[in-house]
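Each of the next two complexes has chain A plus one other chain: chain B in the first, chain C in the second.
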Partner chain A sequence: MVFPKRAKLILGIPQALFYWKQPFFWEEFFQNLGFEVVLSPKTNKEIVEMGVKIADPETCFSVKILFGHLLFLENKVDLIFIPRLKTKRMRSQNLYYKSQEVFEYCPKFFGMPDLAKILLKTKILTFTLDEKKERIEKTLEKFAKTIAKTSKNADVKKAIEKAFSVTNQKEKEAEESFFQKAKSEKKKIILISHPYNLYDEYANIGIKRKIEGVGGEAIFINEIPSTSTPNLAPRLHWEFGEEIMGKINTILNYDIAGAIEISAFLCGCDAVLKEFVEREFKKHRIPFLYLMIDEQTGEAGIQTRLEAFWDTLK
Partner chain B sequence: METYLGIDVGSISTKFVIINEKNEILHALYFRTEGNPINAVKKGLRILKKELPKNIQINGVGSTGSARQLTGIITGADIIKNEITAHAKGAAFFVPDVRTVIEIGGQDSKIIILENGVAVDFAMNLICAAGTGAFLDAQAFRLKIPIEKFGEIALKSKSPTPIGSRCTIFAESDMIHKQQIGHSVEDIVAGLCQGLVRNFLANIAKGKNIKSPIVFLGGVSENIGMRKAFEETLEEKIIIPKYNTVAGAFGVALIVKEKPPKKTKFFGFEVSEKDIRCTSFQCKGCPNQCEVLEARIEGEVIARWGDRCGKWSS
Partner chain C sequence: MKYTFAYWGNYTIAIKTLLEKLGIDLIPPEKTSSKAIEEGSKIAPELYCFPLKVNIGNYLVAIKNGAEKVLMVENVGGSCRQRYYGIVQNKALKDAGYNIDVIVLKTSPKEIYSKIKEISGASLLQIWGAGRFAFKKLRLIEKLEKIANYLRPREKERGETSKFLRWALDKIDKVKDEKEFTKIKKEILGKISKIKIDRSKKLPRVGLIGEIYTVCDESINFGIEEKLAREGIEVHREMNLTYHLKKGIFPWKDWQIQKKIMPYLESTVGGHGRDAIYEMLHFAKEGFNGVIQLLPFGCMPETTVRPILEKIHQKTGVPFLSLSLDEQVAEVGLQTRIEAFAEVVNNHFIKYNK
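Take a look at the complex of A and B:
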């Protein structure tokens, strides 16, 4: 790659979609490699409108939001980072994954760098993550060497390690906060969705705040620690499906009042996953609510359903 | 006499119910909202003031329906309850062992599953309003049939014409087509009722365990064609209680009576003579540009809402 000659290159990262799969990781990674990192702001109305305008109507809401973030970064930075995520190997601390099975990302993640290249004039920085072929650490090392200022092997390795340690730290914090919340006297509600829907307050119309507003304790599915409980549901094709079903298995051991699944309109993967998620909670007689979000979602509709749902909880 | 007032302001119709200490309905009003919820509330209060005996004392007021927030604010309601809980409450009073409530109103259709008189599960139409009152209204108008006669005409049919009713738009074009190839109006109207019931069961009631006793509420429950279509499709008896169109208002009156306020916040029937205005403005505080709503009585701001951050509403 040919870069402009400047002391520090400015790299833009959209705070959308893939970013929330591993928050804080990418900015740490690139800063350690000598980039100046700029994050797009939290999703707001302007960003959503920009994204919706450019996206074709069959695109899911989450991708529309990403487009908005990309357009926000356009011409403000030297490079925009979008990884090509293909497959993920389940980590080994989960004893259950004996063979360390490999699962696929949603197809939208495969093609995203190509779509971005069509959409933007700003250069796209990308790499392919395919753990079917190679572990993430190795892939990142090779990728880092092609873009880093330093050519020293040790420096590159350190940059990657530091980024991973930040992620591990955050995961630990999430776990601690989970155990805190699990002890809470309040009615506990599990929010099930992709991290890019859960952490994007604009997209989910502040669902967490709304639950706290009626007096509940909101727990995000990804805060639940992974355990070695086997996933009883049929094996799912997608990495998030496997993860979500596994965590549902764990949470069923706790005293929870209800579960809410949030799905972005036109998400094909969720259409399949929803049936399995719902069945699991219904089987355990835990009230379940399904909410769909998109750019037309009215605050009123969500509020009505949430209030009624709250009234159905024991 | 000590009484409680329930107000249900929906998209198409407005309902008022006054109950006494024995849960008896003293007065029930049902009229069209005509696109102006504030005027509808004022109208209802004016009628009640005129028709009720002078010795009536209102001990508590509850509001429900899609305009419950606004209604609650301009009347000084003691409780603002979602329409699902309110309808469940109303239905369980009429039929204590009710297991399923089907409620079809102007723009909403919902199913509520109850156990021991309490709602345990529910679903509401997400994005499609096919089969709701507004659609039937439009079709009755197009066929030049008064909406009150719609059901009667459907009952005359001996062989209902199948109408594709997955979507309102297609149902309408299919009806036009069936007219053009020579089917009678009775058969088409009856076929439409059956199609709408199929649509309701396939979309809204999907995956719900429909058990008897089944109670049918809302404006559409007045339509005997729809009642018959539900009975035939479900092969179960459908119960239509006496106050089928005002069950939400009745339910919220029961709810407020259960936990009566020490002193009601109700502004009194006189508020109907006052100047009540609701305006909106766009907040420029951040890129979200929320539409903030503002209610004033005699020029004095009584409430603001609609902002995502709480800057105006708190």
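Take a look at the complex of A and C:
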């Protein structure tokens, strides 16, 4: 790859979609490799409007948000990072699944760097993560060697290790907060969605704040420790499907008042996932609310539906 | 037990023959009507893709006619939602109060064999025979479709080709014997060459690309091939069932496609996303006067590649139209868009080919 000549390259990472799959990981990784990392700001109105204008009208809302972030970074940085995430080997707390099962990411992730190349003039930095062929550490090592200033093996390995330790730390914190929340006496509501919907407060219209406002305790699905695999008849072949269904299996052992699934408009995967999630909660007679978010979702509408849902809880 | 399956354009005939020859008691699906689509959309998950809703509509009609079980294939589209059709359809039908099972056929030869054995008890020889006969029919149907696309815009008496095609398909449908089929094949091919056409006509050409189900089923795409022919446009379509089956058996076709589209897309996106780009590049290179992409609303692979197709359109100057189909699309709206696009195609033709 040919890079512009500068002491420290500025790398832009959009804080959307793939970023939230491994939050804090990529910035740590690239900083350790000697890049200056610029994150796009949290999603706001302008970013969404930019994205909606440029994106294909029929792709999902999450992709539209990502395009907004990319347009924000355009011309502000030397390189923009978008990985091509294809498959993932499941692991929990650094322990690999016994069966070494490999799951796919959403197919929209597969072509993301190519779409970005069409959209932007800024150079795209990308690599393919396919754990069917190679473990993530190996892939990262190879990728790091092609872009890093230092060619020393030890430095590269250290950078990767450091980045992993940061995400592990965050995962641990999330789990601790879960056990605290589980002890609380407030009514507990599980929020089920992809991490890029849960952590993006603009996209989900501050649903967590709203639940706490009506006096509930909001638990994100990915805070739940993954201790069991789903007992589903047909296993989903998507990594988030495996993760979410497994975590639902865990959470059913706790006392929860209700569950809310948040889905981005036109998310193809959620159309499938919803069927299974709904079935699971219906079986256990837990109230279930399905919320759709898109660029036209109004705050008042969500508030009303949430309050109505709150009143149905026992 | 009476079985049924989903309707899919003219290929229904071949699928029907295959299942009948296997000795399965069958209630064949009726041609998809707007009523069936409406009924299907009522009980299907709202945001699921359009073909699933149409399928359920087909089943509902068949259930009224006495079907008790449904056959559905799984995982034919790579990493797309087709994988879950059987399961989700099963759930939707059960939730709506129908006591009917959707049997999922996985696309590995071993599993298909064991399932067929379980359902009908057909021997391996019988399966081979049924497969061969069905494939023969399929090839003839596809050939006729291709010839019809050439004849339609050139025919002297308007509507003759379509009328003939309907007659021929009916004939093919009714043949139960392989020997008789050979005779009828000869008769059909002999007759189709007698349709009077104006050979000297030079016509603009349009390529049809996109999602296989919508492209191949004329009851879903409102007979787009006929509509274009009426505007005096010759339609070309690479996508058909044989193309798909071939790709399933010989994976190197995919590698070739990947090699060709490398500058635009470096990975699969599920379904026939790569094929759409490949075909569009092919049509642009051949000097076609337009490309139409058909897709079900919100189809994941096709919407992902659409910006790339638009980029190719900008680069090469081939007129491009993308039509999303769902239960709310009206025929009149589609007609207007096609007519407008035909104008663009004709202008392109006059500018570059005359």
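Here is the rule we go by: the second predicted complex is superposed on the first by the 301 of 314 C-alpha atoms of A that agree within 3 Å, B and C clash if a C-alpha of one lies under 4 Å from a C-alpha of the other, contacts with A are read in each partner's own complex, and residues count from 1 in each chain.
Here is the rule we use: a residue touches a chain if its C-beta (ideal position, glycine included) is under 8 Å from a C-beta of that chain, and two chains touch if they have at least 3 such contacts.
Because the structure is a prediction, the values reported are computed rather than measured.
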Query raised in the report: With the two structures laid over each other on chain A, which partner does A:287 touch: chain B (first), chain C (second), both, or neither?
Result: first
Requested in this report: Could you say whether A:312 touches chain B, chain C, both of them, or neither, answering first, second, both or neither?
Outcome: first
Report task. Applying the touch criterion given at the start, work out whether A:272 contacts chain B, chain C, both or neither, answering first, second, both or neither. Result -> second
Query raised in the report: Between chain B (first) and chain C (second), which, if any, makes contact with A:206: first, second, both or neither?
Result: first
Query - If touched residues of chain A are counted for chain B and for chain C, the larger one - result: C
**Report entry** Which superposed partner A:145 touches (first chain B, second chain C, both, neither)
**Finding:** neither
Report task. Kindly classify A:44 by the partners it touches after superposition: chain B alone (first), chain C alone (second), both, or neither? Result -> first
Report task. For A:56, select first, second, both or neither according to whether it touches chain B, chain C, the two together, or no partner. Result -> second
Query raised in the report: Once the shared chain is lined up, is A:304 touching chain B (first), chain C (second), both, or neither of them?
Result: first
Query raised in the report: Both chain B and chain C contact which residues of chain A?
Result: none
Query raised in the report: What does chain C use to touch chain A in their complex?
Result: 45, 47-49, 79-81, 83-84, 87-88, 91, 264-271, 273, 297-301, 303-308, 311, 324
**Report entry** chain A residues touching chain C - in the complex, by the definition given at the top
**Finding:** 56, 58-59, 84, 86, 104, 106-108, 110-111, 113-115, 118-119, 128, 234, 237, 263, 266-272, 274-275, 279
Requested in this report: Give every residue of chain B touching chain A within the complex, in rising order.
Outcome: 66, 81-85, 118-122, 124, 126-127, 207, 286-289, 306, 308
Query raised in the report: Which residues of chain A touch chain B in their complex?
Result: 41, 44-47, 202, 205-206, 278, 287-288, 292, 296, 299-301, 303-305, 307-309, 311-312
